[in-house]
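Structures given as structure tokens follow.
What follows is subunit A paired twice: with subunit B in the first complex and subunit C in the second.
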Partner chain A sequence: MSEPVKQEGAQALDEGIEAGISGLTTEQIASVINEVIDNETGARLKTYVDTCVHCGLCSEACHFYLSHEKDPHYSPVGKVKQTLWEMLRKKGRVGPAFIKNAAIIAHTECNLCKRCAQYCPFGIDIAYLMLVVRRIIHKLGVTPLYIQDTAHSHSVTMNQMWVKGDEWPDTLQWQEEEAQTEIPTLRIPLDKEGADIMYSVIAPEPKFQAQLIYQMAVIMDVAGVNWTMPATLGWDNSDMAMYTGDNEIMGRLKRTHYETAQRLRVKRIVMGECGHAFRSVYDMGNRWLGWKMPPIPMVHAIDFYHELLSQGRIKIKQKYPEPVTLHDPCNVVRGGGLGEKLREVAHAMCETVVEMHPNREHNYCCSAGGGVINCGPPFKMTRVNGNRVKAEQLFAAKTRGAKTLITPCHNCHSGLHDIVEHFGIGLEIKFISDILYEIIEKPEAT
Partner chain B sequence: MKGGREWDWEISEKRVAINEWGTSFGWVEEPYASPDGETVAAIVNVAEMEFSVCVNGKAWDVTFDKVWHLRYLPDGRLTALVSEMGEWTAAIDGIAWDSKFGYVWNPLVSEDGQAFAVAAQQDMQYCMVLNGEPWNETFANMTYFALSPCGTKTAAAVQVENAASGEIHKFKKGTFTAALEGKAWESTYVNVWGLAISPDGESLAAEVRQDLYDYTIAVDGKAWDTTFSCVWEPIFRPGTRTVVAPVRTKGQWTLAENGNTLWDRSFVQLWQPIFSPDGNHLAAIVAPAFGRWTVALDGVPWAKTFGDMVTDVVFSSDGKRLAALAKEGRFWKVVVDGKVWSHKFDMAWPPVFSPDNETVAAKVETEGTYAFVVNDRLGPHACEAAWDPVFSPDGNRLLLRSIEDGVYCRRVVPVSDFMP
Partner chain C sequence: MHDVYSFVTGPLAWAAFLLFIGGSLFKLGWMLHLVAKKERFIFTYMSWRYSFRSILHWIMPFATTNWKLHPVLTIVTFAFHLCLLATPLFLLSHIILWDEAWNIRWWAFPDALADVMTVVVILSCLFFLIRRVQQPEVRFVTSTSDFIILAIVAMPFITGFIAYHQWFNYKVSFILHILSGEVMLAAIPFTRLSHMILSPFTRAYMGSEFGGVRHAKDW
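On to the complex of A and B.
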């Protein structure tokens, strides 16, 4: 039986992809594909390829599939069929047009969210297969422009937003000064060797959202934490190179991060409310370097807030009155198992928590993750229209009373903002720290 | 570390009550002890948005709008990065450099402490500043930095071609290079990282990425003929301009010298190579298997491996002994010549060899209490803070600097106190 034609509007134009394929030959493509398959994959890929029985049970897991009237082109297995299987079947001899389509599918129609791995009877990790495709796309120089630029930023500055060496400590000192108007003795200790905790963030915080650093500094101060932030490279835990398949830059980023923590002799790294960075520091980047687990314990902000609340180190003055609903970020809930702690934090902070359905590890992805939002404006509507089911899920939670949407992840935050706006859902989106900062007991201003 | 002969190695104990400083200032930041232990200093808040540095209870005569990164130099001078009226510079013993900048950061110090350098930004142009003297040339961006071992030269990775954010194809042609004393190489690269200056200060080496996929080492602007799938930072062989660096090929790491493979075996990971002082031996941190870490000496890994991390490899002065820190689970251990000490710690600092290389000491911490350990025997002092132990020139005594009950203590103790 023939498959239906993929229902999609005009394909987005991307300068990175277009320029990348312009000079490619079939021979070059075959050489790169076979080099990656032969030298960089092994039993894992072979097992997945040989095991898949093409049953399609993964389809119902995918928000792109569900949001496109169950068009099989958007099913996880369909994406593999249109990319990697064809590369393998033809022993790499595919043309530039095929590579362009593969780049669009792997980079903009799959969030690497791993929800489908839960639906596969064999547990095949299709996100891994899509990452193999992205690695090939990287080696061919066909990565979408915006995320490629972000990877270039990582390679130069070790952060994702071209934040220069002086701008980082200067921003921290500015935020310290701002916060001292509220708590005069508050400090953001820079390069404090021997602190218990190194706090690390992603570059959008110093670039656009410095209030998040301010808020965390207040929380740290109120809780009496012995903490520090590095004044050098290594402060940024983000990693779009992981998603462009530039594994060498991914490794360089994570080495810099962990060696910075070791230089400061901290016991733990606490990271801000970010999902993909957790995947990079906890799973992919560390392991590419040869560390089985993070060499220095890595604690996500959800876990850290849970610890501070359960130990009574921060106290709630008055619970947040608006009903909230929770979006479980894929990388820290499905990938990191923090779903229950997220709920305990939410219930400790808020009068009313309205669950959205599905939730926890079965939650739908925001459609921004996996580097998709980092592919920029050309693909904004690909991800928004590809997640109509998320809009329906959010609207259902709103119908049951939710007014605020909490999501402890930067990409989720931005992606859900676009969905809420496009579909007119009308939910206010907050990080946990936005609420904690408002409701915890603080020293009286003098 | 070895202390100076002129230091006081006789008086057993001196104390400074730093816990009394709080009454004189808005707040007192974390203290730092001088190498000879005679002074202890901290950044102090003297009024709203007004800061100084307190040394043994007496504040500098000057105040600044901001002060950060307070550190003693090896020669005993006290440095900080300071801001006045929106301009930044460095201050040494309370005297600010005449040269001022939009910002300064990333201080570098020579081994003897005579050279102190910072990275500086002025009007969004960047340069290095050595002992208050900025480069004549400035650049649009500057990332990795280096100071020569002799303390006479500085270097940085610098941007020499403009490429706006989003100009990925221009960027891929190479917009960065390296500059020694402000003089940029003519060759450009996609990336430049991990700089090293030769012992004589005349040669500069760096990791470079020639396109998105080919990595190698460039020396004085000339790339090695061989490329690799990845490299880590180069080092110079002592007394030479020969460069050694970790290189990755076929998914495994080894060491290369001037582009040629140096060790006959490879590892899952290999980094932080270090030469013995005489240049006769070469060690590196390696992972012989995924998730297992150790030290390799001249290509041969120690038999004992560790699950989490190995750091701080240090040679004895005669190059015959080797010590490192290793982490297994949540605990750190000291490892000397491949043998693991019995004590385990929540944190440990770099091991220190005695001048005769017979004794090894380290600062360690367990459950928030600092202590000193010598040849695997723990000292009696439980401290709130501590600094690295220092051996006397004859190796018979140890200078121990610590804070106990809010009081800074400078102790000189016989090494034999730690012995059975």
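On to the complex of A and C.
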């Protein structure tokens, strides 16, 4: 049967992939594939492959498929066919060109968003299968350059952005001083043992978005929370190693994060508005370390804001007047059930909330998640063009009045920013804390 | 002809049932063994409540988002599976065989009903065949084995229908019917037809993950 041609633009060139495949032989590839399949996978992989009836019913779950006019190359099962099935059928004996294509598919055409698991009648977890492919790609040294650089940063500095030792406390001090012009008594308590809460963020915050730390410091201060941020490694809760299949580094990162909280003897961890970090801390990293659930109570910022608002620890001075719409980040909503709380927070903060459809756990991914945006500029258009359906969704919300788009996730932010810009949608994108910071009652500056 | 008949209804029938039951048990056992050996964490995440919550949604027509998205396919799929399982179990002439061999009997469908159900299975198979060839997303992931499996499932019903209506040489179509039924039974554990045995487990696991960890609906 002749195969249809895949719709795509000019094939992106990734130096990491090119360099990675240049020295590979079929024998090496086969031995790595078989080693991963035989030693690292078990009942799930086997049962998923045996049970899949090739019905294609998972297709309509995937934004890549829907955005490419239903090109079957982008359907969830289509991606498995082009990668894992072939590897299994040939007992690993595939060539470097195949591996290059598999790296591009698994790393840049799947966000591991797990929407397809809600559409397959058997609940086959295609995101897991794509992670197995990424693990193979990792072991072959063919991971795309940009995300591999991030994994290297994790490995060397224990943070995602090559933030150096002194940059971290310097940034906190700088933000503390900035915030003191507004609230003179405000502190960002550093390494305070016995605090109630350890607040952890992802490294892009100190690197590029220090105002988010400022805003959270103000919220914490106003709410009178006994909190701290670690002075040592472990302050960064992000984890791109989880997405490159570098499970060993993922484990090191999460262990450091949790052990830091233990050292500080805090009652719980609150993490910033990030989706992938939540997945790593709550779902994948902890499991790799053998913890069914996080060993220290851990909540996402949505949960925390919800608690502060419902307990009246922060009060809204005046609701945000512009109509907002919500983008549900997959990792906290499909991955953590925070959809309702997100809505309650949004309704408490804003005059008007316009819903996008589909929403909650059925929401389409932003197409930046799963490490796709971290594969960098070569693949920017892969994810933007791969999410036309999101653009349509955003446009519909805008038509119904939305002016601001709230999403409590860093990757969603950057991904949606590119979509809004490329398709000329014209929505302002905000974190929850951007709005909360503006509208809560604060002590008057003296 | 008589020899062939006694062979397919004797040793072959035994072999088919043995392969079916033994193969299914082996398949299940192997899966559980793999979980115990390599993915023990799966046991810790399994939840009866969320497993059944998920399974129940998916075995009910139109109870999930995806079933609602594909109304025709949903109706055909459910009608097909129901008829596929019920017809051979409640067909009078099958029950008579059980009665003769083991002295056990149970309630039977009227022949006219069983006849209609047989037609439903055959037409559904035709529908799946057309869908496989027509729909690009299905065609893309189709291999020869998918057509063979479809044929394996359709054959017992086609031959049974022909035999019942005595259109051709009755003896030949009857023997072909028995033979194809045996092929189907024996093939279940060793082909993707094993979704019959395994899918409750994959569904239950995803249901448990979504219910217990992800706190989200998986339908």
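The criterion applied here is as follows: the second predicted complex is superposed on the first by the 443 of 446 C-alpha atoms of A that agree within 3 Å, B and C clash if a C-alpha of one lies under 4 Å from a C-alpha of the other, contacts with A are read in each partner's own complex, and residues count from 1 in each chain.
We adopt the following convention: a residue touches a chain if its C-beta (ideal position, glycine included) is under 8 Å from a C-beta of that chain, and two chains touch if they have at least 3 such contacts.
Keep in mind it's a predicted model, so treat the numbers as computed, not measured.
In the superposed model, A:Gly123 lies in contact with subunit C only, and not with subunit B. Once chain A of one complex is fitted onto chain A of the other, the partner contacts of A:Pro72 are limited to subunit C, with no touch recorded for subunit B. Look at A:Ala231: by the touch rule set out above, it reaches subunit B but stays clear of subunit C.
Touch criterion met: A:Ala19 reaches subunit B, while subunit C stays clear of it. In the superposition on chain A, contact of A:Lys292 is made with both subunit B and subunit C. Shared-chain residue A:Glu205: touches no atom of subunit B or subunit C.
After overlaying the two complexes on the shared chain, residue contacts for A:Lys192 are found with subunit B alone; subunit C is out of touch. In the overlay built on the shared chain, the residue A:Asp303 is in contact with neither subunit B nor subunit C. For the contact definition in use here, the residues of subunit A common to its subunit B contact set and its subunit C contact set are 292. Within the complex formed with subunit A, the residues of subunit C that make contact are 31-32, 34-35, 37-39, 41-42, 44-45, 54, 58, 65-66, 69-70, 73, 135-143, 146, 192, 194-195, 198-199, 201-203, 205-207, 210, 213-219. Listing the residues of subunit A that touch subunit C in their complex gives 1, 3-4, 41-44, 46-48, 50-57, 59-61, 65, 70-73, 75, 77-78, 81, 117-119, 121-125, 283, 287, 292, 333-339, 360-362.
Across the complex, subunit A is touched by residues 26-27, 29-30, 48-49, 66, 68-69, 102-106, 119, 121, 126, 141-143, 165-166, 168-169, 171-172, 176, 190-191, 193, 209, 212-213, 215, 229-230, 248, 250-251, 268-269, 271, 287, 290-291, 293, 307-309, 311, 327, 330, 346-347, 349, 365, 385 of subunit B. Per the touch definition, subunit A reaches subunit B in the complex via residues 15-16, 19, 39-40, 138-139, 141, 145-146, 148-149, 152-153, 155-157, 162, 164-166, 169-170, 173, 177, 184-185, 187, 189-192, 194, 231-233, 246, 248, 251-252, 255, 258, 262, 265, 267, 289-293, 295-297.
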